[in-house]
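A short worksheet on the structure shown next.
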Amino acid sequence: MESKEKYLLRMEHVSKDFYGTKVLKNINISVKSGEIIGLVGENGAGKSTLMNILFGNPIIHETGGFEGKIIFDGKEVNFASPFDAINAGIGMVHQEFIFIPGFTAIENILLNKEPTRYSFFSEIFGDKLNVLNREEMKKRAIEAIKILGIELNPEIIVKEMPVGHKQFIEIAREIDRKLLKLLVLDEPTAVLTESEADIAMKAIKKLAAKGVSVIFISHRLQEILDSCDRIIVLKDGSVQKELIPSDTNPREVAEYMIGHELTKSIWKSKEIRKISETILEVNNLWVDMPGEQVNGASFKVNKGEIFGIGGLTGQGKLGIANGIMGLHPAEGEVKFKGKPIFLNNSKYVLEQGIAFVSEDRRGLGLILDQPIFKNITFTAMQIKDMFLKSLLGGLIKWSDDKAMFKITREYIDALQIKCESEKQLVRELSGGNQQKLCMAKVFVLQPELIFVSEPTRGIDVGAKSLVLDTLCEYNRKYGITIIMASSELVELRAICERIAIVDEGRISGILPPTAELVEFGLLMLGIKSKKRETIGK
Amino acid sequence: MRKQIIIRTALVTALILIGIFLYVIGKEHKVVIDNRDISIGDITYSASTTYVVWVDNQEIGVIKKGERNAAIVTGVSHKIVVEEIKSNVLTGEKHEKRFRLKTNESATVNIPAIINNANEWIDKTN
Amino acid sequence: MRKKSLTKTMNPSVLFLINYAVPIIFIILIAFAIPLSGLSGLYFIRELMIRLSRNSFLILALLIPVMAGMGMNFSIVLGAMAGEIGLIFITDWQIVGISGMLLAILISTPIAVLLGYFAGIVLNRAKGREMVTGFMLAFFMNGIYQLFVLFGMGNIIPISNSSILLPRGYGIRNTINLLGIRQVLDKLIPLKIGDILIPVATFLVIATLCVFITWFRKTKLGQDMRTVGQDNEVARVSGINVENTRVLSIVISTVLACYGQILFLQNIGTMNTYQSHEQVGVFAIAALLVGGASVAKANIPNVFIGVILFHTMFVVAPRAGKALMGQAQLGEYFRVFVSYGVIAFSLALYAWRKRVEKENERKKIMNYRKSILAK
Amino acid sequence: MKKLLLSLLFIVLFASITLADAPFHIGIMTGTVSQQEDELRGAERLIEEYGRVSDGGMISHVTSPDNPDAEIETTISQITAWADDPLMKAIVVQTSISGTTEGFRRVRELRPDILLFAGSPQEDPAMIAGVADLVMQNDNISRGYLLILGAKKLGADTFVHISFPRHMSYELLSRRRDIMMETCKDFGIEFVNLGAPDPRSDVGVAGAQQYLLEKVPAWIEEYGQKAAFFTTNDALEEPLIRQVATFGGLYVEGDYASPTMGYPGALGVKFEEADKGNWPNIVKKVEEKVIEAGAAGRMGCWAFSYPYCIAAGLGEHAKRIIEGKSELLDKTDIIDALGVYSPGAGWNASYYIDADDVVRKNFMLVYQDTYIFGRGYLNQTSEVIPEKYYDKNIGKK
């Protein structure tokens, strides 16, 4: 009883399901005043749902609330909105910047909590017509910045600030709240340099020393180990383990996070082929894909292999394919068959014999309101002038429907696409069949190399293995090189011959499918392994 | 909060009052000026000469006998001045009358009645 | 082809030219048109004075929604309608002079608030497409206005003055004579320099509005609007009621437009019952854009530069066209072309500029990441 | 660059023009060709006669905005601009679109000496009459009687009036119809009130014209060859004229009684460049076609377009006043001035009486004699119209 009193926050038996899917199972977490808790877990482990529950995010209420109770500051709470949480003294710093670029640091730090001066008009039209008290605003901003311990001119417009300072603005904003009792930091150091991250961590410790509790979510294991008092590992919606940093090591944390393996390997193939000819060489690739930035990734892919790209969401594994295919701005050196290829030009890349099965099936892959045969042949028609009859030396062209139907039927049979006819609208197909269609569309191009992103996302289990089998089959039969990016380590390890793990936009290491699961976990968590040094450069 | 309600109510009331005030002082009235014979009770005042008329210091013009003219005035209190004119020369014989008009009232004034200081020189109608 | 590099546009002088392309084009055009028109300097100054006094207020009404990120508010037409309804009433009641004008303002304010509230709600449903929605809304409300004035007035709302009522007994005539309040404000404080009448009181009112807008920017509500204008989501996350703030900005703009229209019509002296408000939005917006404003940024100097440039064009174009081509109509067509063209051009320019800025911003972040990760 | 050179050239041209020779100037504003061609020709006629100001002449001509109701500001400043010309002595506006009144007020404030003439006011007549020195309008009241009288002269026994509700909601148009009814009753002519689709409604101009093309033969069948037809709408005149010319019946004159209205389209009259503004030629050409169609003596119009005569006539009147040859509000002087541009055609004028029964002496209602093709003038202008037809309450018992 006595010990419970000391806790600022207790989440007891918290469970949550979304439409029948349990995402949190009986979570029990306690946070003492002034304690820094590290929260780690894979994507989908339930970190964000847990935080949404804590903050009373409307999405929780809209989906039927949660089970269990939250006791904050001695009272049971169930916040109706994040603002209630903020008013109760919980602050949050988000991974993505939440501020107004055109405002000064002062304005951003005091966003919507500006001190005001009385004006007569407020009597008539309400408090909103009080005038901002600029001096007071500046004073408070400077105070908050001082706690952070950084050099920052608060009068500068945030847009013009060095990027590293921007994250501090958000932390300073939370610090400014007099009420602040608990601060949740969601990947706050992702964009900071090491020295900046150090400053940030120091500031957080300072804050904790003042009695503010901190929940620190990060995938940088080292940072967590260095600065947290306790580490909570979430896996599959339940608390896997609570650890004390001094008693543990990265490997142990990674094991709890990713899980132990019962069978040694799920590798499907009998042998790992020895292939030496390089087909694709990527050097220092930078891709600006929102939420999936690639920051100087380098790797080589051998001709005829299935190359896997794994990593946590948001670390850039999807950015690689999208960047090379010209869907997002990219820089860097990419050589295909020894020849440098130009970036930022989709058509050109396609013409070189590189094709892409996008993770965004509905947005980029398919035209939903068109029949199957048009979807399958459209890109080929555009890029390779296939299925076109031409007259007068190509002056007049029209589509060759017969050839289109023929090839469509072939693929429908080959990939076992379930449909009524080749003229059926794509919209009417199931997710798995749509995915197969995306692949058929790419195969029609007869490419030498295919990027496949998240091929099994959103399709049912039976279809999943069919999709993977198809990829394997085409790889073996036609020698097509496949680069597959996926969040599912299982499927990467099932069909890929080599698997690169991406962390913070760079390749942190390349492992064989038979490597231990925890090795993958460590790479994902930014623990530098020796392998990275050997393969990286 | 209560203070705010009081201030708001006061403001709305004030605005309505100002509106009414503006209505009253800005209202136009038509004043018809007759230089015609008029019978008030038993007495008949007859028009005999030509007059120049000013209403609220604004010249309305020359009104010959038997003629009628009209002036548009604004507000509540007004003044009418008539002066006899003979062969285009003002005689200096001035008669001045003051009158008030309520909202929506218009008036007909009769010059012979004014000259003779009759009580019912003005006829106000709604 | 290989790289769409836009870094060249970072050059400050080029950037200046891009940012102020519209005003610069206008200055050049006017520089040619003025001598061609052969209009006297006196006429020119007088005309400019009048146009500054009667149009500035309406254009100032556009500033606040821009601040709140709603773009150019075409629904100021609604405010103009409200003002006209006020004027119809005072004309019917025969209230004249300054008190008539004030009464018209008093009557039309609640109507403008209501219409503005309605417009704000509709525009909230059409985020990102505020301008075209506002344009359509103005059309829609014009229909309602006509219904109200053409059938409601005299039928439901008693109108007694036969000089504004159609002979059939209901509905308002096509033109209303505003002789009663004609130029009452303009001539309230008489000042004449040479042959030029200076509408001192009107300019004072406009100056007051400028002060108000400057003050308003400094209030909490003003700050909220700026926040909402810069980023809806950030504003929402930080607890600002985005929808409400947006609606308020439109309400304020509509009310100001209502006063602006009354000010405008007191100068004109006659009111075209069914059409006076029609072009209010287009002309005000065109003028503001000509003044160097963009959909996202507009300030007080833009308003005055805009009125001067745009209306100078209005004044000189017909005669310059006549002098150049021998036909006044050509100047006329040119003017119409210019007012709509300028809107389209500024919008395109703005979209392009935004893309460049985004690209630059992205480059900056990428370079930063490169620098920290290269270590 | 080309533009620049061109502009420079014009500036030089401007500079080289010698100072105006005319002792005074008259400003005239008309619609554009796309709005109203006839009045533009009227202004051009004046220019032909007295020269352009820029060439040292007397006439300064501008056109009004094509969308006048929305662009009052432009109209006002166009008119006000004239006040700056110290030689400007008179301003004539035909058609007096929205903004004319205010433009006049401003000119009056700056230059009380300038004569202000308004033709065909589209604003409230009483309003413009309060500012302008002279307002002139088509006399639809008198024509209510005269049209019937004209029909009688042509031997009509039935008068068919074709209109639609929108037009009948206009005070003057419905009052004219009431006068026509009353006159018909007095003359023993049967009055028939027929409806047609409004060309501004969803059927459009083409639909409304089609309706008349189909209906008129049947109406002629029904009401006989002695039926006179009349429509209040300009767009409907063309099909009406065509069918009357082909199938018989009478057509005294159109509502907008110009030989260029309806006839050219209906009968396929072709004009050449030289015909522009040359009314005798135009009438001759139309007359040939009418006779060719076998409608001689059955159809008529005003021999000189009304807006043309007003534009030119008001200009002429202004000139004569300034030169001291005419009196501003003298009826005969006004008719004389109008007659300069319509040789051979008679005119008549009356004063407008406003709603309060006040006679507006500066508001002149005018009408021209009717010209019947293949027969000549009907001498309508010398007819005396009985007083009772001017009663406002005519037709309302």
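Letters A, B, C and D mark the chains in the order given here, with residues in each chain numbered from 1 onward.
In the analysis below, contacts are C-beta pairs under 8 Å (C-beta built on N, C-alpha and C of every residue); 3 or more make two chains touch, one makes a residue touch a chain.
None of these values were measured; they are calculated from a predicted model.
Taking the mean of all protein Cα atoms as the centre, the chain whose own Cα mean lies nearest is C.
For the pair subunit B and subunit C, the distance between mean C-alpha positions equals 43 Å.
Between the Cα centres of subunit C and subunit D there is a gap of 38 Å. Taken together, the chains touch in the following pairs: A-B, A-C, B-C, C-D.
Interface residues of subunit C, counted against subunit D in their complex, comprise 32, 35-36, 38-40, 42-43, 47, 50-51, 162-163, 166-168, 173-177, 179, 182, 195, 268-270, 272, 274-276, 278-279, 314-315, 318-319, 322-324, 327-329, 332, 335.
On subunit B, the positions that touch subunit C within their shared complex are 15, 18-19, 21-23, 25-28, 74. For subunit A in complex with subunit B, the touching residues are 123-124, 126. Interface of subunit A with subunit C (complex): residues 82-83, 86, 98-103, 107, 111-112, 114, 116, 119, 121, 127-132, 159, 162-164, 191-194, 286, 288, 293, 295-296, 329, 331, 342, 344-345, 504-506. In the complex of the two chains, the subunit C residues touching subunit A come out as 1-4, 215, 218-221, 223-224, 226-227, 230-231, 233-235, 237-240, 359, 361-362, 364-366, 368-370, 372-375.
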